[in-house]
Amino acid sequence: MPHPGRDRALLWTLRLFAVSSVAIVLLVVAFVSGESAPALAEVGPVRFFSDPSWHPASGFFNMVPMLAGTVLVSAGALLLAAPLGVLSAIFLQFYAPPALRSYWRNLIGLLAGIPSVVYGFWGLVSLVPLINRLHPPGQSLLAGILVLALMVLPTIALLSDAALESVPAHYLRSAAALGLSRWGTVSGVVLPAARGGILTGVALAAARAVGETMAVLMVCGNVVRMPEGLFDPVRTLTANIALEMAYAGSAHRSALFVSGLALLAIVALGAGFSEAARRKVVANG
Amino acid sequence: MADALTAPVAATPARADGALRETAALVAVWGTAALIAGVFLWILGELVWNGVGALSWEYLTSAPREAGRAGGIAPILVSTLAILGVCLAATVPIAFGSAVFLAEYTSDAGRFGRVVRTSLDVLAGVPSIVFGLFGNAFFCRTLGLGFSILSGGLTLACMALPLVIRSTEEGLRAVPREYRMGAAALALSRTTTLFRLLLPAAVPGLTAGLVLGIGRALAETAALIFTSGYVDRMPSSLLDSGRALSIHVYDLSMNVAGGDRNAYASALVLVGLLLLVNGVAGALSALWRRRLAAP
Amino acid sequence: MTKPAQKPVLEFGTVKPGARPWAPLEERPKCCEPRPFVRTEGLSVFYGSRAAIREVSLSVNRGCITALVGPSGCGKTSFLCALNRMTDLIPGAKVYGRVELSGEDILDAGADVVALRRRVGMIFQKPNPFPLSVRRNLELPLREHGVRDRSAIEEKVERALRDVGLWEEVKDRLDAPAQALSGGQQQRLCIARALALDPEALLFDEPCSALDPLAAGVVEDRIASLRGRYSVVIVTHNLAQARRIADWVALFWMIDGAGRLVEYGSSKAVFEAATHPITAAYISGIRG
Amino acid sequence: MKRVFLAIGMLALGACRSKDPASGSSGPEAERKLVLTGSSTIAPLASEIAKRFEAKHPGVRVDIQTGGSARGISDALAGLADIGMASRELNPDEAANGLTAIPIAKDGIGLIVHRDNALLGLTRQQLVSVYTGQVTNWRQVGGKDARLTVVNKAEGRATLELFLHFTGLKSTDIQASVVIGDNAQGIKTVAGNPDAIGYVSIGTAEHDASLGTPIRLISVDGVAASLATVGDGTFPMSRALNLVVKGQPNGLARDFIEYSRSAEVHDLVKAEFFVPLGPTGT
């Protein structure tokens, strides 16, 4: 009987694949670290937090406002997109008429695939002038949050939908048998059962939000300053790289890779948190 | 699965606050749906309004002229499909393998699984422009592939991997435990269990991941400009540089004066392409599921 | 026997040992002469640090139906799972002791699990046909185990389905999804699926408890009909069922936080002349 | 399953091979290839020139890649590209490394405001006060009563360097409300904000304004911003678009550079809204 051999071969193949995805991460991290090493050595890590401003050409390297910008824009977008995305999935699974469902799923899939340039374009041409009327200059933290929320919404919606889809049907039957109402079933039975998958979706969306570049660059205003309100312009770390990388000389380029490294750190931190949260949530279930 | 619930549920008269809550939920859910659909239609409407005029069969089948202000997008379309093909060919096996490994061979608490999972979460958050620079350094220079469709596709594969792996893994984890027990009791090998029973059952999660991954790959700009390049000539092999549609859209809208109209048209083509790819992915996965279920 | 954990056992012992709540059991056919097929020695199963069963020694006789009875959570299923190493699939499960199958220790690391599970099939509480057609459900394991010949497969499929009385019901819809069958049919399909592999023994984990009484009756009859050809171990909560079909009965009971074997003997002996007060009380329907 | 994906892969491969008419026409002689990288401003023009050059020289392929002036310069230096593209002058360090910059066209940087803004022009001094935040209301420079939105270019951009050079400001002095990257982003920002002021490539702005985009070029120090004033050298903020090579160009690279400077491509330069070189090549 050949199974054990075949199974062992399978296991090694799978392990190889899993290792290769780790290898890619390591390569990326090594690459970014290697490129930022000169700046870290020359400027020193402290000055990225203590310099008076970000003017790499003049030798000032303060990244703090951009760190804050990245965190604020992403957090705002997630706060907005997470409930909307989950509600969209609930709509699809429990409220939408059957005829509408496949259309809705396609719509969300499309929304996921609209190039970020188009979102940015739309934000710049349609959304920013509207905000400008409320409070100039229009290109602002708020605009970034709105556009980004729209962009990460499909990720949350699609993965939540898959999570809801996989809730065993007998849960629903038992809920119905207990006389639970539709919303009672959704909030009391389905969401708790699907929270692992939903959290995965939110975590991926968070990663996408932090990593998004083009659209944010087009609508956020990109001024390196601590924002004092929703209508102030901000610059994110990604926008910083995209704006300056192509035009940067060697020291400046290396400093930009330090912003890349900072981004990786934020994402790693976030990933650690979300994994811990997910484990806790799943364990409590 | 939701059929039991899509039938209207009678409100319980005894609990007025319950009915109120039910109504509030109904309003919230439909409101959200309307909002999302509204904004989407707004964006799509703008694309169609501004772009449909430039669309024609000739636009799809001729080469660009005057930096894209005139002419069509044929070579760009071909390059885009080729990049996508490379990306899928690399993503799908690695993503399947990793997802199966994570879901079937590692426990939630295991160290190796945790390392892989956290790595993937980090990978998912790497900004696309960093991927671009990485791809340029690694694929184009270190591996010597140069500016090419191959470099671009592989770079995109790195980006799409975490999305596809995680959602495939979720799909696999959602497969009822009974199948695995039943298969083990029949002494089926894990290989058979996996390919015959688990993967077909995990198809929804997998499709969701692929749709997201393809969407992200097709929409990508920053990672491609440094890897697959800017050349808008018809590629003759995977080692040729080829401009992707998203780069074309970006270049026309941000870099070429008077390119807006064709930028909208190209964006419209991109969205159409995505719709097509999603449709094909859905049909293929349905076909696969049916074929495996049939004798 | 150790001291019972549940103190009030004897206080409820209003029924004298040897009392007959039911009609007398007939003697079983000759095939049930005790010829050990599986023998366990000091078998313990742990989930983490919690013992599900402790120190169970028992011989399952060839060609007979052995029922494992006892209240929920007393380790019957854990014992069953240890017999074909399904415990391997339970995260954190550890098995100690010896399980001998034809003299070989199957808990040995070098034991061939695939061969073991082919010899010892298992049917679960909830019918679990694969999301495939009726035919594919039977075909998949057959092909997996080296049966390639079309006609051989067809013949085995039909025989297995006839064995469980399903052939007449499904012969016209072999290519319909198995999950469209009724619960009882699904369970019989699962039995047929196991039978198609020509096992020597079958393990049933409460095979009827998820079915309606009518379907349960049909499934039970099918299990009873396996007597003589296969060695059957069945976990059941249903004492009446054990009484109806079992040749041998083992009673498990939770003692000191772990499942223990309290009494084991022929059906007649256990039901009519239990030696242990727990058994007597349980059988008489007062406890459990 | 694997077969399906293999099939997809083959399809993709096949598609790009079979649909390619160019592969046959590359001729019997060994293919010669020229790689240009650098400034995104020059890239569209270079692409067009390359196509015409390829048509005249069978068997030659010219690949254009963008990535910014800095990249063009460093790639030319490192030998990763045959020719770099830079929309700025070389700085002394770069020149000292043996790089040569050869102009192929001229470009001007003009100030733009929204079409509804009645302002006609600014002097250099006014420009300095606007961009340093000393002036925050249009009224202070002769416009309506509204808060100014100052649009600046991102650090490192060649356009910003030219602007700084003209105003005599340092990058750290500028107080911007919005920072932008590419020209079109600046145009769209100003078009969407009636109180904004920014600076972009003149040709691009002229063309977009002629297509109905609500922006207007204003004069600087009394000189109207137009391709004409850039061409005759009177407009104060102009720059050369350069091709950069290590040492002196030779072979195919020299042919391409000479072709790019010749009158044969003036129509292409104009079509991309730049100013062709004069007959003297300046």
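By letter and in written order, the chains are A, B, C and D; residue numbering begins at 1 in each of them.
Everything that follows uses one rule, which is that a contact is a pair of C-beta atoms (placed from the backbone, for glycine too) under 8 Å apart; a residue touches a chain by one contact, two chains touch by 3 or more.
Everything quoted here is computed from the prediction, not taken from an experiment.
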Legend entry - Chain closest to the middle, measuring from C-alpha centroids that were averaged per chain: B
Legend entry - Chain located farthest away, centre of chain B as origin (C-alpha): C
Inset, instruction - Averaging only over C-alpha atoms, locate the centres of chain B and chain D and give their separation in whole Å. - result: 33
Inset, instruction - List the centre-to-centre spacing of chain C and chain D in whole Å, with centres computed as mean CA coordinates. - result: 80
Inset, instruction - Can you check how far apart chain A and chain C are, centre to centre, with Cα atoms defining each centre and the answer in Å? - result: 51
Inset, instruction - Give me the residues of chain C that touch two or more other chains. - result: 114-115, 144-145
Legend entry - Sites on chain A at which at least two other chains make contact: 3-4, 125, 242, 245
Inset, instruction - For chain B, write out the residues touching at least two other chains, lowest number first. - result: 93, 176, 187, 189, 253-254
Inset, instruction - Spell out the residues on chain C that touch chain B in their complex, using ranges where they run on. - result: 84, 86, 88-89, 91, 113-118, 121-124, 126, 128-133, 135-136, 139-141, 144-145, 175, 177, 190, 193-194, 197
Legend entry - chain B-facing residues of chain D, complex: 1-2, 4-5, 8-9, 11-13, 15-17, 19-23, 26, 40-41, 43-45, 47-48, 61, 63-67, 80, 181-185, 201, 203-204, 207-208, 211, 271-273
Legend entry - List of chain B residues in touch with chain C within their complex: 107, 176, 178-189, 192, 196-197, 200-201, 292-295
Inset, instruction - Show which residues of chain A lie in contact with chain B when the two form their complex. - result: 3-4, 6-7, 10-11, 13-18, 20-22, 24-29, 31-32, 35, 84, 87-88, 90-91, 93-98, 104, 106-119, 121-122, 125-126, 150, 153-155, 157-159, 161-163, 165-169, 172-173, 176, 179, 181-187, 196-197, 200, 203-204, 206-208, 210-214, 237-238, 241-242, 245, 260, 263-264, 266-268, 270-272, 274-275, 279, 282
Inset, instruction - Please give the residue numbers of chain B that touch chain A in the complex, ascending. - result: 1-2, 4-6, 9, 11-12, 18, 21-22, 25-26, 28-30, 32-33, 35-37, 39-40, 42-44, 46-47, 93-94, 96-98, 100-102, 104-105, 108-109, 112, 114-131, 133-134, 137-138, 158, 161-163, 165-167, 170-171, 173-174, 176, 187, 189-191, 194, 204-205, 208, 211-212, 214-216, 218-222, 246, 249-250, 253-254, 263, 267, 270-271, 274-275, 278-279
